[in-house]
Amino acid sequence: MRFFSDNAAPACPEVLAALASVNTVDTAYDGDRWSQSLDARLSALFETDVKALWVSSGTAANCLALAALCPPHGAVICHRDAHIQNDEAGAPEFYTAGAKLLLAEGDGAKLTPEMINAVLAATRNDVHQVQPHAVSITNATEYGLVYTPAEVAAIGDLCRARGLGLHMDGARFANAIAHLGCAPADVTWRAGVEALSFGFIKNGGMTAELLVFFKPELAAATYYRRKRAGHLLSKGRYLAAQILAMLDGDVWLRNARAANAGAAMLAAAAGDRLVHPVEANEVFLKVTSQEAATLRAQGFDFYDWGPGEARLVVSWQQGETDIRPLADAIAAL
Amino acid sequence: MRFFSDNAAPACPEVLAALASVNTVDTAYDGDRWSQSLDARLSALFETDVKALWVSSGTAANCLALAALCPPHGAVICHRDAHIQNDEAGAPEFYTAGAKLLLAEGDGAKLTPEMINAVLAATRNDVHQVQPHAVSITNATEYGLVYTPAEVAAIGDLCRARGLGLHMDGARFANAIAHLGCAPADVTWRAGVEALSFGFIKNGGMTAELLVFFKPELAAATYYRRKRAGHLLSKGRYLAAQILAMLDGDVWLRNARAANAGAAMLAAAAGDRLVHPVEANEVFLKVTSQEAATLRAQGFDFYDWGPGEARLVVSWQQGETDIRPLADAIAAL
Amino acid sequence: MRFFSDNAAPACPEVLAALASVNTVDTAYDGDRWSQSLDARLSALFETDVKALWVSSGTAANCLALAALCPPHGAVICHRDAHIQNDEAGAPEFYTAGAKLLLAEGDGAKLTPEMINAVLAATRNDVHQVQPHAVSITNATEYGLVYTPAEVAAIGDLCRARGLGLHMDGARFANAIAHLGCAPADVTWRAGVEALSFGFIKNGGMTAELLVFFKPELAAATYYRRKRAGHLLSKGRYLAAQILAMLDGDVWLRNARAANAGAAMLAAAAGDRLVHPVEANEVFLKVTSQEAATLRAQGFDFYDWGPGEARLVVSWQQGETDIRPLADAIAAL
Amino acid sequence: MRFFSDNAAPACPEVLAALASVNTVDTAYDGDRWSQSLDARLSALFETDVKALWVSSGTAANCLALAALCPPHGAVICHRDAHIQNDEAGAPEFYTAGAKLLLAEGDGAKLTPEMINAVLAATRNDVHQVQPHAVSITNATEYGLVYTPAEVAAIGDLCRARGLGLHMDGARFANAIAHLGCAPADVTWRAGVEALSFGFIKNGGMTAELLVFFKPELAAATYYRRKRAGHLLSKGRYLAAQILAMLDGDVWLRNARAANAGAAMLAAAAGDRLVHPVEANEVFLKVTSQEAATLRAQGFDFYDWGPGEARLVVSWQQGETDIRPLADAIAAL
């Protein structure tokens, strides 16, 4: 009964089936019919012309996006707790050839225009300081909070006014959309987002993530950068197939809704123990080390998240049967 | 009837089956039991202690190896026709943070100590010139030639004497071993190779390649570089499973032998048309554009390879039924 | 009457004279007799075998040092107010090929082992996080504080215990030594410093700074990196000459003592207005904007340094005649 | 009697005098009046609006120019014997974050549109190959040949047609202009050059080189890159002063004419021994090792330049008294 990470979850059956269905001779790299269909398929989903590139990790998607938005001598503003700052081993610096991340403060890893403005105000506009070129936000955030279209639009307006690019790390984008119930366009390009890391792996995929550019011209150099980073896989159809399988019939939303529902069940049981509101599939609890041990003794695995806190992540395949015992155990603490 | 590229081939059934077999909850990244078993499994295969890291492309394997062997201010000697020079979009320069490739001449993309010495002799040993730190050879080469253990050992001796690292791009390593019939150790570390890109994808794999370090200490920084490059996939067990499935029961050799046999059949039909001896699964033919058109009119697809030449690549799943018609068509030209 | 920056000061007469004295035909780059004498000259000064490389800016000295101590996938711990973080336009990230700076807190831009340990404790030792490889401290600090030999040694001990390199940004090293009165060795290698950016320009030099390695092996790759960064000047003797002229007869200490004395005179006048103790040649004052205007109306120029503060920097050539009027004006506020 | 390199020559008296003349308190970095005057001064010289940035080496000027013209994933076409390929220790790869140099063939290190077209034709226009973004030519070339305005314009036309930037390495630009007798504009921007490394050091300067952008917008990011590379010197007025001193009264042309005249005297003596026509200040001679020894025995120092060749470089301060003995010695061989 693992609640460590949605990366621990298996791939959903549609993904496995899709791999078998494309297991024929076809063109190498991204020349196959499935890869070639992605632009159109995602343009339909997002109701605008997009460029969509598969890669094999969220880190690659994020950092290709950042490299498209920020030159080597520039900076990207992100939250202090952002995945790109803490959990990608310096990949942003690698892909951008040395850009800096400028860190903003804020509860729940969620940014506001005020927080971004505080970073901007701390930067002198001279040649001695690294100048911000982009903002990166995570939706749902690293603490499971969801930006609404209006919240993103407020940041998007600031970015437009200040000439900054706007990237959304959507490792849990499906969970955010499942929570919001809005059109994917509403919380992305309509709100000013220029590049989206559209996550599939945590949500029931296997090895395919998607980078979506809402400004198609941003993609031009990215095709080269993807190859140069070793992410233009030679049998790319097996990535395209995973993505298409999850878009077909809205499997991506089905999976995300299931995970969100599980987290909501835990949240209901947790009550005042919640560190953050539960809006996606992550639950952060205040627990003593004694209480954490009690839960673990019942077979529930999860990460400690700083002193006195625990992180529980629900994944797409954990149904009520899996969740109920943990919810009960939490309520019983 | 495609003879464009072994990347066009499907994955072999064992690989697909393996994906299903690991499709359970397990630890993320490379913490799962399959990924964790790779060092031991490959150490057994190579009869020495190795470190083995999966990645999702041959480009990533090659360039992580080069980054382990060459500092940003150094150079790697390779053949003018090497894949790392011509077909990886500058990935070596990206991964090494700007090292140079110094190009050697030689027939069939195959290097000898003499060719490497010619490059070394052309480099002044002063601070104004980029100094060689490593040699990279491809086995089987980009023209389908296979280095013997003795040939590699001659290069390995030179490298040792000159303090150079030695990398082998084994995108078609299986085809080389199938041709040589030797132990994998003989043509790698026993001959001085320090890092091997062990290719699986062209040989019936799907999305998993393997980087093998015969000097385990070279791997230490590579774990960080892999993550930093976005190649530490979050569900790495699906890569490990592909590799293990192809090692089990020597599927990798079975596949490579089949491809080599098909190429040999074409070679026998081609006779004097051969540009290079056929030792692996690639066949380079002298054909007029008229003759190439004749073959294509019969449904055979392949790449032109410079004026008057064509490249035919046989893949693991092309049996005699697939090959015979092409062999006959070549003989009939 | 400029108190903006010691970079505004002219070069001292010995430096100008030295340029004329080497203005003859000699070997290019660093092959001339003056450049070749630096290792021995600095080894004598520091009482140990060092390697000493001239460069043309403090940024180059700092960042070549960092690149010698930290790999592209690593991190350097420094103070939040460090020059390398705020005033070098991302040069550390450029020279190191993307290493991160991890920021420590602390008054007066001065670090203690506790502050460094706090950063270390916040870094998980796994492949997802950038691992610290070095610490960089500035002596005198960006706020004019001086590390004593014991304070540096405490950091040096921590670095040794944790396997971290230790760099000292000595843009105002001369001012620190003038304040401490100790041997240069005491506050550098004897205290664990491995690389020193030994500043001359702010202290009466013109265009020459010096990078000193106390571990000679660290210099090996730096000769290449210096050339690669465009800092192996083709007529290097004009840099060597500046440095030698300032070492001869301890001009460097004479200049620093003069500047420190001027700052001390201002400090005495400032009394409670001091934000930090004045230990080198920088004075930070609490002043209202009204008071700042009053000083400026009398012809004194300086930078505001955040709200309610002003920075006054005294340089080597500002004698009592220059300082007294400002001291009086401050006292009269 | 050194004919090794024009870098061995001293600085001319005007340069030394200029250093003394600016040795006063002024604004740091490039905020001083001399640095601030460069754009206008060079715009007048080149008869168009330019941006002019001092740096402290030709390598820095060249590589900042390349970084402005070529992205990290691109390539620069240059001659196989170009300084940027052979004598800058990988600085182009460093400054561009990993761009490749694609090498063209041609006599005397001089390119023609045909040679550039041959490189372009060898590059497939796909994502697997590094795509050319710029061309770099050296005027005068590494073998002392001078491009005429028409020759540059032919390359400039090709670059414009193919969307390539055009850089001129003018380490010996003064020698080229002295030979051509044309307006500096004619062989630069009027012929399609976008960025010029305008060399002063070899021609009697001390530590200042100049980067001139004929497309001012190319300079915007370069101000940041210069700082980031450690080439925004803190007392930049001492670089500006050197350049201004050599522009005033056409000292740069006077010096270059003197060096060219000396080389012409040697060329006249050398007759059939000349490997290349002598158009600037370099003379390449066919000499046996016996003959080279004979010259050296008479006190003449120079570099061997491959088997059977010697390179003699005349510098600005070598008058007839210095040259005549060598000319006679060559004639007497």
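Order as written gives the chain letters A, B, C and D; numbering starts at 1 within each chain.
The criterion applied here is as follows: contacts are C-beta pairs under 8 Å (C-beta built on N, C-alpha and C of every residue); 3 or more make two chains touch, one makes a residue touch a chain.
Only a predicted model underlies this, so the values are computations on that prediction, with no experimental measurement involved.
Student: Have a look at B-C versus C-D and report the one with more C-beta pairs in contact.
Tutor: Between the chain pairs C-D and B-C, C-D carries more contacts.
Student: If you average the Cα atoms per chain, which one ends up farthest from chain A?
Tutor: With centres defined by C-alpha atoms, farthest from chain A sits D.
Student: So how far apart, in whole Å, are chain C and chain D when each is placed at the average of its C-alpha atoms?
Tutor: Taking the mean C-alpha position of each chain, the two centres sit 34 Å apart.
Student: Centroid of chain A to centroid of chain C, CA atoms only: how many Å?
Tutor: The computed centroid separation for chain A versus chain C comes out at 42 Å.
Student: Please compute the C-alpha centroid of chain B, do the same for chain C, then give the distance between them in whole Å.
Tutor: Once rounded, the distance between the two centres reads 49 Å.
Student: Multi-chain contacts only, two chains or more: what residues does chain D have there?
Tutor: 72-73, 88-90, 94, 97-98, 127-128, 224, 227-228, 232 - these are the residues of chain D that touch more than one other chain.
Student: Can you list the residues on chain C that touch chain A in the complex?
Tutor: Chain C residues touching chain A: 72-73, 75, 86-90, 93-94, 96-100, 127-130.
Student: Spell out the part of chain C that touches chain B in their complex, as residue ranges.
Tutor: Contact set of chain C toward chain B: 71-73, 97-98, 127-128, 131, 221, 223-228, 232.
Student: Considering the complex alone, what residue numbers of chain A touch chain B?
Tutor: Interface residues on the chain A side: 2, 4-5, 7-11, 16, 19-20, 23-29, 55-61, 63, 88-91, 94-95, 201-202, 206-207, 224, 227-235, 238-239.
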